[in-house]
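Structure incoming, see below.
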Amino acid sequence: MPLEQKIKYENDCDKEFAKWVSSQTGGENLRHCIQCGVCSATCPLSLYMDYTPRRLINLAREGFKKEVLSSFTIWLCASCYACRVECPKEIQVTDIMYLLKRKAIEEGVFPRRFPIPVLAREFSRMIFMFGRVNETLLVTDLFLRTNWFKFLSMTGLGLNLIRTGRLSVLPDSIKRRGELRKVLEAIESDEKKEAAK
Amino acid sequence: MKYQYFPGCSLKGTGRAYEESFLAVFKALGVEISELEDWNCCGATAYMSVDETKSYALAGRNLAIAERAAEDVIAPCSACYLVLNKTMQGLKDHPELKRKVTSALKAGELDYKGTAKVRHPLDVLVNDVGLEEIKKRVKNPLTGLKLAPYYGCQVVRPFATFDDQHNPVTMDKLIATAGAECVTWPLKTRCCGGSLTGTVPEAGLRLAYIILKEAKKRGAQAIVTPCPLCQFNLDGYQDQIARKYERIDMPVLYFTQVIGLAMGLSAKELGIKRGIISAEAALAGR
Amino acid sequence: MPDKPKVAFYWCASCGGCEEAVVDLAEDILKVVEAVDIVLWPVAMDFKRSDIEARPDKSIVACFINGAVRTTEQEEWVRLLRRKSQVVISFGACANSGGIPALANQSTKEGILKYVYEDCPGLDNPNKTRPQLKCEDEGRTLTLPELHGMVRSLDQVIDVEYYLPGCPPTPKLIMAAVLALLTGKLPPVGTVLSPDIALCEECKRKDSKPADLALTEFKRPHQVQIDPEKCLLAQGLVCMGPATRGGCEALCPGGNMPCTGCFGPTSRVKDQGAKFVSSVFSNIAPKEVKEIDAVLDGIPDPIGTFYRYGLSKCLLRRKLN
Amino acid sequence: MTENKPKQENLPRVGFYICHCGTNIAGVIDPAEVQKYAAGLPGVAVSRDYKYMCSDPGQEMIAEDIRKHKLERLVVAACSPLLHEETFRKAAAKGGLNPFYFQMVNIREHASWVHTDKKAATEKAKDLVRAAITRVRYHQALDKKRVPVDPNVLVVGGGIAGIHAALTLANAGKKVTLVEREATIGGHMALFDKTFPTLDCAACILTPKMSAVKAHPNITLWTYSEVEKVEGYVGNYKVMVKRKPRYVIEDLCVGCMECIDACVFKEPKFHDKFNQGLGKRKPVYIDFPQATPKVVLVDPETCIQLKTGKCKKTCADVCDRKAFDFEQKAEMKEIQVGAIVLATGFKAHDAKRDPQYGYGKYPGVYTALEIERLVNASGPTSGEVVLRDGRHPKEVGIVHCVGSRDAKTNKWCSRVCCMYSLKLAHLIKEHSGAEVYNFYIDMRAPGKAYEEFYDKLLSEGVHFIRGRVAEVNDWAMTPEEEGRLIVRVEDTLAGFVRRIPVDMLVLSTGLEPQADAQEVRRRFNIGCGTEGFFQERHPKLAPVNTFTDGIYIAGACQAPRDIPDTVAQAGAAAAEALALIDAGFVELEPNTSHVIEEECCGCKSCLPLCPYSAITFEEVKKKAVINEVLCKGCGVCAAACPSGSIRQNLFEDDEIFSEIQGVLAK
Amino acid sequence: MTEKFEPKIVAFFCNWCTYTAADLAGVSRLKYAPNVRVIRVMCSGRVDPQFVLEAFARGADGVLLGGCHPGDCHYAEGNYKTLRRMRMLERMLKDMGIYDGRFRLEWISGAEGDKVRTVINDMTEKVRKLGPLDLPGKFKEWDKEIEELEAQVSKSAAKEETVHAR
């Protein structure tokens, strides 16, 4: 194993990023963290994470943007909210994970091995089109875009679903698709306006 | 008693049996259910990772439509239940967000006030209908059946007020009312893996496996759940779990199916056969 | 008879009751008439404004003005009389504090005109005609006085030396005032010519007032059989006596009706309504907001109740629009 | 009164002073500008600004100016009047001015410290100064009343704080009544085996003090008693104490305990509160052998005689002093005291409020207080560390911060848990030889010899894992975990999550206000902080005083604290009470109300408003009269007199109206 | 008006609770809007409704009254007397056209320094939104109709003017 230098210099961190996180919806209590680790201990997925949630919170608060956005941690969060319920300082850890995911997608820095950003994007595309989601199409689409092999491994499940009549092939749709699009577009234009400011 | 019903995408897809049994049980209890007009996807967890404001608006549209009627909204899917409640709470706590979302909804001629009340069927059954009322209609008590109540995460965390977040008991009570025996175990609210079973199976499958294994160890003949994703993960991935860990063969039922059976509704009405792991042996063998 | 002091009586926005009060002096009025020379008394005698204008300034010894100031004409008259008089006595509740007319300060001038000439039920005015301030008729110009934006007490328009309180002032107080004027035994300028102590002092029901009212509801006089002996507040009736200057000898309580406050507050109080509220509502029984509100609901018109004779003198002066 | 009313041309001469308070005020408000502004206001004869007005030179300057410039009124703009009003009143008096011709303007706490906009803060200061200068013209010369102080003291609570305060006061020759709710004094300390960090035995240091209380000629000890009502004011409190029935005549019982042996219940079978339910007791019992007073009592809930009246009463038969009295009733006692020390202690956090730790669900989970009894040589197991099922634990976990530093329960750090957890770790290891794991968030050992104690524990091989435990349950993942309690925690120093199986789990529960703290503080008319502990007058400068003069607080009723600090505070509270008593009198603020007789119409509106019954009705003159000794100066009657015939000194209508006008005049 | 409207709020604070809480806010260096002018009273029960009206009449845009929480009065029950009177006063103010939170009664204990900040900031913002009340200005405006004639009168006959007290 090659030797790796672990020291960090202050210019490795981005204080603005830390400020940004704590200014976001859900990020308000970020700075209250006392590093007790109850989030990590209660997290059913922390065992797979490169940084435990506690460490991620500290990295975010210190502004280690690169480490935070490229971490596995945010993509492994299953949104079970256990951390949020246990946190003694009422930090909304799950919401922080969400906002970091959004930032990572926006900046395109997420680790390639996780198809979650693709799933999320496909999901939102489908909603924009139909207003509803067809799980089957979503999953098929996802695997076709990311991992052919995995798709094959899933065929057994697919057959089972067909057998039990739980597989829909046709996309379901809402009636007033235009109404929903107007709403979503209104937000986009609102955001553009704000960005222009 | 009258409620609006927000099915969400799962109950129209892989969670079809949940819808079937939910509607059948409520009908049998004399509760009137009307499907929310032109509802759209709640956004689930995925949309939140893409665009926060839009995900609030997406849920907001449903709430705005729901507000047109006076009845409470029942959202049986845990994710829908959480997202709709989270949206209400978020819009209440963050005025700027609310401004953005309401004005966007206005563009679609929708009026959001924040007056809807989103409930879970567990809450409605225990607190509105009442266990006594259900007990009266139990014709076929499931005596001798050992069931593991499995709530999953998003029904109780973090917004539910109708049950304890650490040790929820509403479903335990319903199981007992149905005449079955309730397995006590500490994994009632542990995550099933959520969407990770699909996206990161090496992590997701382990979570599902842990739950199945512990339920079996504690002598459960079936797991009972109020969540379509939990049901899907625990039921659908057992083949893959068998390949990776061991075979468990644990049927996973919806709590509505369990009550329905006790009330004497037919297995067909309740979609019992839609389980990938058949529950027939467990149900017959008791 | 050149040396008799000249005295004037005038009325503004009033009901005429104050004039009645003067007449109520009965035979005493003759003594007054004998002692003074009345130069103006519109209700009883025929004088013209030009008569007064023709008089030298300060030639009238005392001028008694009743009624509030509501119109431009009244304003002109009181300014004229001020100029011509040595002493002006604000006579009665309307002059002192606006009286009943001042309750109009809860409405706007436009609101009043609109209601009276357009919206009032039973009105036959399809063209919504309103009186004009000026109009030409057969070559003549007719004018009407203009309504002011609000009703004012006399001392809000001109300076006043003394006040006779009451709706109307009692003959006894009037006589005492006249005698004081005639004998020159005048108190300091600004005095209200009535005892500076609240009405309970004179009320026959005083002894029946319990120490702790602990009221749980308020009633209006028509809703109850009033006990003629017992303190009216103790019977749940809004009796303004404790917050009202004495001097009337508790006429209303004596007539089995609660005091409505026409004598105004004592000299120590700036705002009679507010002070009465402070006193009576401290002494109601409930502690919870809901229950308190239920008690307050017994008083459907607080302004009309606590400022029945004094809205012009409320610290806020009128309703804001 | 009119001679003091300033006529426009003949205003009293006002001296105005503004304090910089270093940069505390001057950093935000421009004192020079305010000073110049005040100089231009009508009646102001002298206007100055100065670095520290409260300093000796500052006060001297005021006194000097009063003499030199014949000042008739004084206004000082500085900090809160609650802090320095007295200081400047004295300065006024020194200059020969009646101290009540003074008005203070709060521009520090209410302006410079809370605003950032310098211009706006300076404008606010000007408004407040103008109001005070307008107001002070209406001030009257007043005198303070002196009231003698009753030299007796009441101490409420017989824990170590109450015991120490009572002994200190009694040793100084004061008569003390010590009231304790439980049947014995000793409080929480009596439950402990050893005390940190010295590990000296709690009983050995506490019981001599308990006996000293009982034996002291100046102390009246009332246990099993509660304060029901408190009336009066500083130096003159009247207190009602309820003495609950013990069904045993205290003066007759000698504590031989033969009645306990003789009880018809042959075996103890009832919940033993003193032993945290780990042991059992009979209906007739004594909490522990050293209980003080050493008098048995009968529990009416379980005693057959008291419940049904049909018992053989073998207990009473065996008592040769005929001390039993099953007819005993609660007794009300009234005492007069000058000062009160409240030492009502704390309540341990209820571990059931944190269901993730399984207390009440898994028998292997204990609270710290239970372990205190378990490791105690005189406890239910005589000090043997044994589980509820009789097994001896091989691995023991101690969870810190249960009910502390947690927004869901108590936000505060309970201050003693780290240290007592170390002590319990040591004692458990010593008594059982088990491996002990301490799960802590931060180790707090800031007392004398505390860090050294931590060192000692480290060297004893106790495990310290830095992390808040997420959950404890019986879900086994490996064969080794089967049948044990699994602690899931992030070892934050290692950076990963660990599962640690233990046999016994100790929850180091935090300290909370007593369940009835709110009722008690209302009874004594003192305040509580938001967390529910009694509020001290000043966090640093008056830590044992309260906002009610003559009432002092000591120990954990004010905030969590350990024994050394509690004892120190109890001594401080006793010293404050002594200072009050030995002064012999108190001066009362003259802000009382009075009725102007010739203006009063006798409407009685004011009578029911006074909570102190200071207003009476004079039946001959038919006027209200205020007894100024009883009046506490709230001014409710002055506000409510419908004819304006009641005046409140220092808060007259004229004064307040002029202040309103002054604040708003521009 | 180009300048941002800065409301003037007069506050009456009980010495034992809200005044102490405001001191605590100071000691804790909490920052809040500089629009409130505090008048100290010993008990909220000393506050006569006349004071509230006077404050509005003299130009306050809002009036805040701070007392001890129900059950916590330093003088046993003074705050209940306040509550009762002020409930009535609120109705009267509404009838006179002053509402929407220009008058506010808050219970703030001595420990609630933070509540002082929140309440003051909140009230300042709400009153700012309402705009100026400016009764002194309105009084002047209303009296314009009688000033005209007064001016005329004094022009025509302004010789020997005697000063009369009102």
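Labels for the chains are A, B, C, D and E, by order of writing; each one numbers its residues from 1.
Everything below uses one rule, namely that a residue touches a chain if its C-beta (ideal position, glycine included) is under 8 Å from a C-beta of that chain, and two chains touch if they have at least 3 such contacts.
As the structure is a prediction and not an experimental result, all values here were calculated from the model.
Colleague: Can you list every chain that touches subunit C and also touches subunit E?
Modeller: Output, common partners of subunit C and subunit E: D.
Colleague: Treat touching chains as neighbours: how many steps, at the fewest, connect subunit B to subunit E?
Modeller: 2
Colleague: For the interfaces D-E and A-D, which has the higher count of C-beta pairs in contact?
Modeller: Counting C-beta pairs in contact for D-E and A-D gives the edge to D-E.
Colleague: From the centre of subunit D, which other chain's Cα mean sits the farthest off?
Modeller: C
Colleague: What's the distance between the Cα centroids of subunit A and subunit E, rounded to whole Å?
Modeller: 51
Colleague: For subunit C versus subunit D, what separation do you get between their C-alpha means, in angstrom?
Modeller: From the centre of subunit C to the centre of subunit D is 58 Å.
Colleague: Subunit B to subunit D: how many Å between their CA centres?
Modeller: 49
Colleague: Can you work out the whole-Å distance between the CA centroids of subunit A and subunit B?
Modeller: Between these chains, centre-to-centre, one finds 22 Å.
Colleague: Of all the residues in subunit B, which ones touch at least 2 other chains?
Modeller: 166
Colleague: Mind pulling the subunit D residues that touch 2 or more other chains?
Modeller: Correct list: 356, 471, 609, 636, 639-640, 653, 657.
Colleague: What chain-chain pairs meet the touch criterion?
Modeller: A-B, A-D, B-D, C-D, C-E, D-E
Colleague: Any idea which subunit B residues touch subunit D in the complex?
Modeller: Those residues of subunit B that touch subunit D are 164, 166-167, 185-187, 210, 214.
Colleague: Give the list of subunit D residues in touch with subunit C in this complex.
Modeller: Interface residues on subunit D, with respect to subunit C: 598-605, 607-609, 617, 622, 636, 639-645, 653, 657.
Colleague: Where on subunit A is subunit D touching in the complex?
Modeller: Touching subunit D: residues 34-43, 46-47, 52, 54-55, 86-90 of subunit A.
Colleague: Touching residues of subunit E toward subunit C in the complex: what are they?
Modeller: Interface residues on the subunit E side: 45, 48-50, 52-54, 56-57, 70, 80-81, 83-85, 87-89, 91-92, 95-98, 133, 135, 138-139, 142, 145-146, 149-150, 153, 157, 159-160, 163-166.
Colleague: Taking the complex as given, what residues does subunit C use to touch subunit D?
Modeller: 196-201, 206-207, 209-214, 241-243, 246, 265-270, 275-276, 278-280, 282-283
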